[in-house]
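Both complexes below contain subunit A, partnered by subunit B and then by subunit C.
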Partner chain A sequence: MRIAIASGKGGTGKTLIATSLAVHWAKQGKAVTYVDADVEEPNGHLFLRPTFEKTTRHTVPVPRLAGFCDGCAKCQDACAFNAIIALKERVQVFDELCHSCGACVNACPHNSLKLQPRELGDLRHGMAKNINFIDGLLDVGEARATPLIEGVVEAADGELVIIDSPPGASCPAVTAIRGADIAVLITEPTLFGVHDLDLAVQVCQKLNVPPIIVLNRANLGGDMMDAIKATGAPLVAQIDFDPQISVATARGELAIDVVPGFADAIANIADAIVVSEVVS
Partner chain B sequence: MKVAFAIEAGDGLNAQVCPNFGRAPRFLIVDSKDNSTEVLENKAAQEAHGAGTGAAAMISKHGVQAIVAGRFGPKAFDALSAAEIAMYEAPADQTVKTVLVQIQAGTLKKL
Partner chain C sequence: MKQIVMLSGKGGTGKTSITASLARVATEPKVIVDADVDAANMAILLPGDDEQWRPFFAGTRAVIDYEACINCMTCVWECPFKAIRESKDFRPVVDEFDCEGCGVCGQVCPTNAFSFKPHQAGTWTVRDTKWGPLVHAALNVGEDNSGKLVAQVRQEGRAQAAKTGADYVLIDGPPGIGCPVHAALGGTDLVIAVTEPGVSAQHDLNRLLDLAGWFKIPAAIILNKADLDPKAAQNLLKTAEDKGAKVVAKIPFMPEVPMALSKGIPLIEVPGMQEILGNCWQEIKELV
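Presenting the complex of A and B:
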């Protein structure tokens, strides 16, 4: 079972819930893989503290001119992303716009374009006690996060895969959620939280991934129950704000290990996920 | 010399310069020999990404020697530099006619 932990709005508690679920299921003896798909700002390792065993450089193919060019611009016309432009007797490739589709390579009448690997960042494998740990670390200044997110998501398999997704409702979040069996959307009772939750629900519906909602810091902010209901996704659990959780998190500790009662809240969410998966 | 201008609307020398290059709705190409003009719709203007490189590719196909806009994005700058097209930044409220005179007089600096 593949479980995407996502949100829409940032800072709602995705990593808190995702790492806690990993610890919860691992304690039950289940084979758990935790995937940190937030490759621009991966934080899961700060809490699970894995020992990294293997780090590989993740690459994407990009076209390079390796032969005769008369500037015919057939490659430029074939590119849907304006990533290659034809000059007098050469081409210029804009790597950060290139989606590695290879259309330009096929279009070149002289067969002069070759795909070459371009590095985007690190893909890391490790173990955190008995939790399989995978994350990605995008190079600073790199514009293309989605191929590395695909890399980390595809690297994970096993009985239970928890995908700690990036926030938002665009390509990075879509890439992390796509292919999951269920999406757990973490929100908070604020206008921002619920507004972005609605977008995240719509993303899940387009991806055919059934969404369920967990309301974090439920006793803070306003009454958002009607707005949450209006998204059409079921609210399966609520966690009240507890300063002890914040303190533990600020210290990089696992709240599930040190805050009384929090383990029960996580157990409830874990049960709700399993039940929702069976129902859907 | 053929000079392209990023413009918001219109089709003559009184058109105003558009603040952005890549997302300009259209370009006006002026041949300074006889001040004849040609309008080019910017098909790249609505692209999610790559409007600047798309517009640069289109402009470079039309054999212009210079391009005027309010400003150029970094990728458009790279593409136009590679295509050896001179870039001029001009205030967005000025007309094509005014800027053309400045270019010909050499008072507007190339980027």
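Presenting the complex of A and C:
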């Protein structure tokens, strides 16, 4: 089962729930893979503290001139993303605009363009106790997160894969949620929380991934039940605000290990995920 | 005209409610831009009348002329995004969600059956608010053109500032450090990193300040929920100092804030906040 933990709005508790679920299932003896797909700002490693065993540089193909060029500009005309321009006898590639589609390579009459790897960031594998840990770390200054997210998500296999997704409702979130069997959407009882929850539900619907909702800090805010119901996705669990969870999390501790009662709350969510997956 | 962008790295640290509150506390003429186009929330806190929403077009989508198509499926094999699939009745069908409009299908099609239509990726508008014009947008769900839409709302923000003689453009940015963040911070005068105590926010702040440095834009810090964990707050202040970012406000954690936000009231209306944010705005003005 592949479980995407997502939210729309940032800071609702995705990483808290995702890492806690990983610990919960690992304690039950299950083979769990935790994947941090928030490659712009990955935080799962701060809590699970894995020992990294393998780090590779993740790359994306981009065109480079490797032969004769007469500046004919057929590559430039073929590129839909304005990512390559023809100069006199050479080309200039704007790497961050390139979608790696290869249209320029096809268009070059001299067959002089070749796709070559360009580095985006680190793809890291490790173990956190008995949790299989994978994350991505986008290079600072790099704009293209999505291909690294793809790499991180594809690197994960196993019976039980937890994908800690980036916030938002555009391509990074889509890439992380795509292919999951279920999406657990974490929200909070504020107007922002439910506005963005609705977007996240729509993303799931587009991707045919059934969403379920967990309301975090349920007692800190207003009554948002009608708005949550209106999204059409089921609310399966609520977690109340507890300053002990906030403080443990601020210190990089696993709240599931140190805050009384929190392990039960996570066990409830874990059960709800399993039940929802079977039903859907 | 000075452009100030509010960023955070980590999501949920309070960017939007603080930006809305600064917009209310600042008496100078200004324009507000919601550059978090994927999950835009500023309009919830700044009521007013929107002009007509305008379509935002970015890129194209492939369209198949089935009169010309001979169902050879070359496009299905060659599409780099696997966005053309064979249907049950053995025809190639474009998935508009996955298609990026690259044109490879058009290159490989033996019968020239492809054309490319402009793709609407979202909408944007300008709202007339008591505190100045608010430029805001809605990216269609699941889109990949957030950076371009951010560029669009920022351009309109500058145009509005020129038109209304505004001194400041306040930009509420997206979380992260990738493409839409680059579009939100390029060419601004000051990055304000809204952060909170804790290992996650600190890790993300580090990366964000490095990015600001990479763009050669000075940065300042607003420490939100400052009293949540004193030790974590100390560590954070050290990060700020090491990276040369001035702390322009420390805002205490108050349960009244999420309570107010659940009703669409920004934190400026929570008792005690007026003074903290008033002082914060003075400090920000001195920095730009």
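Some points to look at:
Throughout what follows, the second predicted complex is superposed on the first by the 280 of 280 C-alpha atoms of A that agree within 3 Å, B and C clash if a C-alpha of one lies under 4 Å from a C-alpha of the other, contacts with A are read in each partner's own complex, and residues count from 1 in each chain.
Just so it is clear, contacts are C-beta pairs under 8 Å (C-beta built on N, C-alpha and C of every residue); 3 or more make two chains touch, one makes a residue touch a chain.
Here the structure is a predicted model, which is why all the values come from computation and not from measurement.
In the superposition on chain A, A:Val236 makes contact with neither subunit B nor subunit C. Using the contact criterion defined above for the overlaid structures, shared-chain residue A:Leu87 touches subunit B, although it does not reach subunit C. With both structures placed on the common chain, the touch criterion links A:Gln76 to subunit B but leaves subunit C unconnected. Once the two complexes are laid over each other on the shared chain, residue contacts for A:Val274 go to neither subunit B nor subunit C. Which of subunit B and subunit C touches more residues of subunit A: that partner is C.
Using the contact criterion defined above for the overlaid structures, shared-chain residue A:Gly8 touches subunit C, although it does not reach subunit B.
Overlap of the subunit B and subunit C interfaces on subunit A comprises residues 81, 96.
The residues of subunit A lying in touch with subunit B in their complex are 73, 76, 81-83, 85-87, 92, 94, 96-97. Within the complex formed with subunit C, the residues of subunit A that make contact are 8-12, 15, 38, 40-41, 43, 46-47, 78, 80-81, 96, 99-103, 106-107, 138, 140-146, 166-174, 188-192, 195-196, 199, 202-203, 206-207, 217, 220-224, 241, 243, 246-247, 249-252.
Across the complex, subunit A is touched by residues 8-13, 16, 38-39, 41, 44, 59-60, 80-81, 97, 100-104, 107-108, 116, 139, 141-144, 146-147, 174-182, 197-200, 203-204, 207, 210-211, 214, 228-229, 231-232, 255, 258-259, 261-264 of subunit C. On the side of subunit B, the complex with subunit A involves touching residues 44, 47, 49-54, 56-57, 60-61, 75, 78-79, 82-83.
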